[in-house]
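Listed after this line are the structures, all set down as C-alpha cells.
Look for chain A in each of the two complexes below; its partner is chain B in the first and chain C in the second.
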Partner chain A sequence: MSLTLKSIRETAARAFEAQGLPTTRDEDWKYTDLSRISALLGDQWWQVAENNEGEIADLSVPELDAYTLLFVNGHFDAEASELPDSITITSLARLIQDEPEKAVELIAYQADAPLSSGVVAANSALATDGACICVPNHVKLDKPLYILHVNSGGTTHLRTGISVGKHSEIQVIEHFAGDHDEAGLSNSVTAIRLDENSSCEHYRLQMEAAKQCHLGRVEVSQQRDSSYTLHATELGSMLSRVDVVNRLQEPGARTELNGLFVASGRQHIDHHTRIDHNAPHCVSRENYRSVLDGRSHGVFNGKIVVGKGAIKTDSAQSNANLLLSAHAEIDTKPELEIFNDDVKCAHGVTIGQLDKNQLFYLKTRGISGEEAKQMLTFAFADEILAKMSNQTVRRYIERAAFAKLPNITDLEGMLA
Partner chain B sequence: MMIKIENLHASVDGKKILKGINLEIGTGEVHAIMGPNGSGKSTLSNIIAGRDGYEVTKGSITYKGKDLLAMTPEQRSWEGVFLAFQYPVEIPGVNNTYLLKAGVNAKRKHQGLQELDAIDFLKIVREKAKLVELDQSFLSRGVNEGFSGGEKKRNEIFQMAVLEPSLALLDETDSGLDIDALRIVANGVNHLRSKDRSVVMVTHYQRLLDYIKPDVVHVLMDGKILKSGGKGLALELEERGYDWVREEAAA
Partner chain C sequence: MSEVKQERKPEEFTNREYEAGFVTDIETDTLPPGLDEGVIRHISAKKNEPEWLLNWRLEAFRHWQTMTEPHWPNVSYPPIDYQSVSYYSAPKSQADGPKSLDEVDPKLLETYAKLGIPLREQEFLAGVAVDAVFDSVSVATTFKGKLKDVGVIFCPISEAVRDYPELVQQYLGTVVPTGDNFYAALNSAVFTDGSFVYIPKGVRCPMELSTYFRINALNTGQFERTLIIADEGSYVSYLEGCTAPQRDENQLHAAVVELVILDDAQIKYSTVQNWYPGDENGLGGIYNFVTKRADCRGKRAKVSWTQVETGSAITWKYPSCVLRGDDSVGEFYSVALTKMCQQADTGTKMIHIGKNTKSTIVSKGISAGRGQQSYRGLVRIAKSAEGARNFTQCDSLLIGDTCGAHTFPYVEVKNPTATMEHEATTSRIGEDQLFYCQSRGISEEDAVNMIVNGFCKDVFNELPMEFAVEANRLMEVSLEGAVG
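And now, the complex of A and B:
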C-alpha cells in the first residue's frame, strides 16, 4: 500500500496520541524532563500558535553572504527570501498543496522515523511548513544556503528535507532565533540525504529566546564517499534537546559532528547523537564541548554503532566539559556498540575546571587572574568553532557565545 | 640589590623542602644554582614566581626593596620577575602573540605607560623572534601548541626577550636540548644580559655554564645553599659530584 499524506498524518497522530511526550523513565530521556513543556505551554502544548502579527526583529547573521530562506513563526516568507536558481527549493506548505506525494517523501523520509518518538510523531502529524531542498547532481552551490527560523513564541513544527545529488556540494546554515519573553516550543526535524561523493557542511545555530523550548532532530543518511560536517552550537532556549542520527550506509562515507554548548542561568541543553557505521571504510569524528555557568545543565550522549560488515571503521569521539560554576552540571555518556573486530574506535570524556598549570603560566606572563580565566575559557570553546569554514558565522557565534559569559573584556582582541 | 632571600623555609603538602635559604643577587649579576635532583631547586624558582601549593613557613624574599611574597604572580611579572618554565605549558587556542601583547600591555598599564598598538607590538615581536631564531609562523600559533621540546624552550627565551624582565629565572632551561638548540637558547640569553637585568639559572648540568658564564655558582642541597663560589665550582661539581659539598658543610 502506498503511503498518502493523509495516511501518514493519521498514523503519526495516532502514534503521538499513544506515546505522548517521552518521560524521564525512558533511558534516552533520563536527564531531560519534558514535563516542563506542558507546564509552560499547557495540555495543548503541541497546538500551533495563531499567527503572530507582531513586528519581528531582524535576527539574521549580519553580513552573511548567502541565499536566504526566511521562516517567520514557522511560515515561509517568500518575499523576504532569496533563492538560488541552480537548485530546487519548495516550501512544505506548497508541496502539501501542489505535490502531496513529494510531501510524503519529506515527512516519511525513513520508514520508522516519523514515529520514532512522541516528539517526532507530533512533528510528522502537524508540520505545516519547512523547506524541501533538492540539489541536482554536479552542482556546487556558490553561496551558503541560510535557513532562518525566527519566532515570537508559541509552538511551531518545522520539517526540512535536504537532498544532495551525486558529486554536489552545499553549505547549509539553519538558524533558530527569537528575541521575546513569550513561552514557546520549536519542534524541528531536518532530514538530509547525501548521494555518492556529495558533501554537506551543516551549521545548526540554536539561539532561541529565553522561554522558548527547542526540540530538534537531525537525520543524516550517507551514500558512498559522501561527506557530512555538522557544527551544532547551542546558546539559547531554556530547554533544548537535539537528537542527531547519522547513518553511514556505503563505503567511504565520512562524517564529522562538532558541538558546542554555552549555557548559563538555568538553561538545560541535551544532545543525543548516534552514528551508525553500516558499511566498511567509513570515518566518523565527533567533538563536543560545553561551557556551563550558573545553574545550567548539559547532557551529552554519544552512541557509535559499528555493524557486522563495517570492517576498517575509523571512529573517534571526544567530549570535554568546562564547569565555570559549582552549581553547573553535566551528564555525559559515550556508548560504543561494536559488532566486529577490525575497527578503530577511540573515545574520551573530560569534565573539569580550568587547568591550574595553564592559569599559572599565563599569570607569570603578566595576565591577571581574571583575564587568564577568560582567555582559557575562550580558547576551550573556540577550538570547536575554529572547525567552521564559514568565518562570518564563526565570528558571529563567537561574539554571541562569549557575550553570555561574565566579563570577557577583550573579546575583540582575542578574535583578532 | 635585585633580590634578597633570607632564611627561607618552605614545605609542600607538609613536607619540608627548603630549610633556610639565604641568597643575595645583585643587579646585573648572573647566578647559577646547581644541585642534585630533589634538592629544592625548582621549588625555589616556583616560590619566587608565585606558584600555588607551596607554604612558606619562615623567612622572607625582598625584591627591589619590596616584599615579593605579598604579590600575586601577575604583580611579580609586572614588577619584572620572569620564570622560564622547565616544562612550558601548551595552551591551544590562545595565540602566542596575543598572550604577549596582553602581558606587555598589562605591565605598561601597571607602570602608567600607554599601551602599545598592534603595529608597534608586531615590530617588537618580529625583531625578538630573530634573537632565538624562532620562525615567524610560531607567532600566530597557539602557545607552545605542538612545539617540539627545543621550540618550547626557545619560545620561553623569546617571551623573556619581549617581556624584558629585571629578574629572569631559567628553570632547567637546558634540559632536553641538543647542542644546537642549547647554543641558540644560550645565545639568546647572552644577548639579554645587561647591567639592569639579573639572571638565575637553575640547572644540574655544568654544560649550560659553558655557554652562559655565571658570576656566582651556588650549590643547593638538602634545602639549603651549602656552598657558593665562582665558575670553577661548577667544574669541580662536574668532576667530583655533590657528596663532598655535603661532607665539607658538615665538617
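And now, the complex of A and C:
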C-alpha cells in the first residue's frame, strides 16, 4: 500500500471538513440530534482536550480477574496496566511513533463503509491513542483483557484494533467510565478482525459521566468459522450513539449481538447495527432490549443485508422495549435486505408496558404490586445480561443498571 | 410411477406473457405533451370547472414547480421527463355523454369483454355498480338510480364538482394537501377524473361500489383523483381494479385517493392492480406512484385497505391511515407480487393520534425472477394516543436466487401505554412442503399455487367475494409453478 499515515490523516481531515457532524436530515441520524455536541462543547468540539491532571477515581469493575489496559483521558497509562505475555499489545501512540506503516491499516478511513459519517472521519484524522492488540494463532488467553477508558471531560478520539489469529480465543472488556461534571465527548472506533476458527467475546460497557457524549463504532470482519459475541450495555452518558458494523466474509461465521439500554432522565441512546452476510452458511443473532424511564429517548436500527451468494443464511433479530414513564420515547427500525431466496430471516419488535397478566399472577401469589413491577422489569432486562459468560461483569452491570431505576428496592435479594 | 416428469425451472412458469395486453383503437381527444399553466387552464376549461378549482390547481402547480422529485425509495428507473407527458386524453365519444349502456361505444364494451368483465353481465349478475373509467373520463355508470334512492352519491369527480360543489370544496385536499408530496402536487394540478363517493349519515351502501380503471391512449399519464366521504355511522365497500394494454413506453400513473371517515363510519377500500408490468427485460410497464390516505376524523371510525398488487413495472405507494378519532381502527392487508424486472416499494403508515386507536398491518410480499420488493412502513404512536395498539406482520416469500426482498419498518412510540408488535419473516417455499404435496400426487405447480395461496390467505380473506376470486386467479396466472 502506498498510503502513508500522513496521507490518510489528510484525506480523513478533508472528509471531515466536508461532512461535519451529521444532521437529522441524514436518514441514518434521523432520530439523533448531534447539534447538542457543538452546543455543549463549542464549534471546536473535535479539538482534543489537554491532558488534565485532575485526580481520577478508580472506576474499574471490582474483583475482576483480568489483564488491564488503562487509558486516562485518551492516553495509555503503562504503569497502571498489566499486560499478558502471550499476545502483542502496543498503544497506538507508540505504534505511530515507532512503526507508522503498521498503523496505516488501522487508521485508514473508508468513506464508503456502511454508516460512515463525519464522526468517523474525525476519528481517523485525530485519533492519537488506543490499544493495538494482536493475538497470534493458537492462543487462548487465560484471563479476559480489560480495557478501561476513564476520562474527566473534554474530547478524546480513540482507535482500538484487535486482530485474533487462527484458532485463538479472547475475551475483551471495553469499559468507558467517567465520574465528573464536565462536558465532554468520547469518540471511539474499535476494529476487530477474526481469523479462521477464532472466537471473541466482546463486552462494551458504556458508563460515561452524565454530561459526556459518547460516539462509538465497532467494526468486525469475520473469516471462516469464526465466532463473535458482543454484549453492549448502555447506561451512562447524556447522548450515546454506537454503530456496529459486522461483516461475515466467509462461510460458517457466526455472530451474536446483545444489547441493553437502561436510560433515565434526559438520556438519549442510539444503536445502529448492520450485519452483512457476504458468504453462505453464516449465522447471526441479534437481541436488543431497552428499559426507558424519565424523559429518555431510545433509538434502535438493526439492518441485516444478505448478499447474492449468501445462501443458507440463518438470521434472527429481536428488539423489545419497555417504557416505564409517560415521557420516554422509542424509535426502532429493524431492516432486512435480502438478495437471495435460500435464507431464513426473521425479525421482531415489541414495545409496551409490563404485562398486566404477569403482574396479576404475581399479585395472586401475595407479592405487592410495586414489588411485582420490579421483578418483571428486572427479569426483562436480565434476559440480555444472562447471556454474558463473565459473571463478575454481569453482576457489576446488574447493580449499576438497576441502581438507575428508582423502583428497585431489593436488588441484592433479586440477585441472590 | 413410470412417468418421470421433467424437472421444470421456476423461470418457465414466471415468464408468462401479460394476458390482458391489447390496445383498443378509439379516437382520443388528446392534448400535446407538455405542462404549463396553459395546460392546466385548458383541462379546467374542458371540464367546465368553477373558478375556485382552477385556482386550487394553479396553486398546486406553482407549489409543484418548487419541489424536487423524491428519490429515496428502493427502486430505480430512468428519469421522467414531465414535459413529454400528455396531460389530457378523453374518448371522443364522450362529448354528449352516454346515458345508458346502449349509448356506450361498442368498442369499449368489447374491451371489457376481452378482460372478462362485461358491464352488462356485471350489472345483471353481480349487482355491482361499475363506474368504469376509460382513460380519463368516466363513460358508463350503472345503478345510479338504486344508489340515489338511499342518498349515496357515486359519480365521476368532475360531475361532483358540478353537482355537489360544496361537498367537494369542503373535503378535497383536506386529507392529502396539494403540497403533500411531489406526485400529489402534480396530481392536484392536472387530475382529469376519478370517482367521488358520499355516503350520508347512517346509510349502509346497499352494494359494493366498483371502478375499473383502464389506461388506454398511448403516452397519457393518468392522474386520477378519488374522494370518498363516509358520514356518521355509514358504511361502504369500494373496489378498484385495473388492467392495461401492452405497450413499450413507460407510463406515469400518479393517483391520489382521499378517504374521510366520520364518527362510527367505516370504509373498506380494496384494490386489485394488474397494470402492464413491462416485458421480461424490464422494458415498458407502468409507473404506479400513488398517494392514498384515509383520515379517521370521527370516533370509532374504521378504515380497511386491502390491496393485491401484481402489475406495474414500479409500484410505489403507501396507503395510510391517520387515526385521529378516539377508538378508531386502521387496517392494511396487502399482497404484492414482483416478477421479471418489477420493482415494488410499498407498505403503509399508521399514525395513531386518538386514544385507544388500533391498527393491524398484514403484508405479504412474493418476489420471483429479478423482482425487487420492499416493505416500508411507519407506525407512529403520538403522545396523545393513550392505549394505542398495533400489530404488524410482514412476510416475504422468495422464489429464485436473483430476486430480492427488503423490509424497512419504522416504529416511533411516544406513549408508554401503547403496545406494538412487529414481526417479519423471509423464506422461500420449503422443499419439505413441496415434497409432501408431491408425495400426495399433487403436481409441483399445483403445490406451489396451494402454498402461495395459503401464504396470501390472510389477505385474500379480506377481499370482497368478487375480488377474492379474481385475485386467486391472478396469483395463479402470475405465478404458474414458480418453483424449482
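The rule we apply is simple: the second predicted complex is superposed on the first by the 408 of 416 C-alpha atoms of A that agree within 3 Å, B and C clash if a C-alpha of one lies under 4 Å from a C-alpha of the other, contacts with A are read in each partner's own complex, and residues count from 1 in each chain.
The rule is simple: a contact is a pair of C-beta atoms (placed from the backbone, for glycine too) under 8 Å apart; a residue touches a chain by one contact, two chains touch by 3 or more.
A quick note: this is a predicted structure, and the numbers were derived from the prediction, not measured.
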{"item": "Clash or fit, chain B versus chain C on superposed chain A", "value": "fit"}
{"item": "Partner chain in contact with A:T24 - chain B first, chain C second, else both or neither", "value": "neither"}
{"item": "Partner chain(s) touched by A:G366 [first = chain B, second = chain C, both, neither]", "value": "first"}
{"item": "Touched partner set for A:A346, first chain B, second chain C, both or neither", "value": "second"}
{"item": "Partner chain in contact with A:F378 - chain B first, chain C second, else both or neither", "value": "first"}
{"item": "Angular separation of chain B and chain C about chain A, which is computed from CA centres of the superposed model and rounded to the nearest 10 °", "value": "70"}
{"item": "First (chain B), second (chain C), both or neither touched by A:S389", "value": "neither"}
{"item": "Partner chain in contact with A:N357 - chain B first, chain C second, else both or neither", "value": "first"}
{"item": "First (chain B), second (chain C), both or neither touched by A:A328", "value": "second"}
{"item": "Minimum Cα separation, chain C to chain B, after superposition on A (Å)", "value": "14"}
{"item": "Common interface residues of chain A - those touching chain B in one complex and chain C in the other", "value": "none"}
{"item": "Chain A residues touching chain C - in the complex, by the definition given at the top", "value": "27, 308, 311, 321, 323-326, 328-353"}
{"item": "Interface residues, chain B side, partner chain A - complex", "value": "49-52, 72-74, 76-78, 81-83, 85, 88-89, 91-95, 98-104, 106-107, 118, 142-143, 159, 163"}
{"item": "Residues of chain A that touch chain B when the two form their complex", "value": "355-358, 360-369, 371-372, 375-376, 378-380, 382-383, 386, 410, 413-414, 416"}
{"item": "Chain A contact footprint on chain C (complex, rising order)", "value": "72, 396, 398-428"}
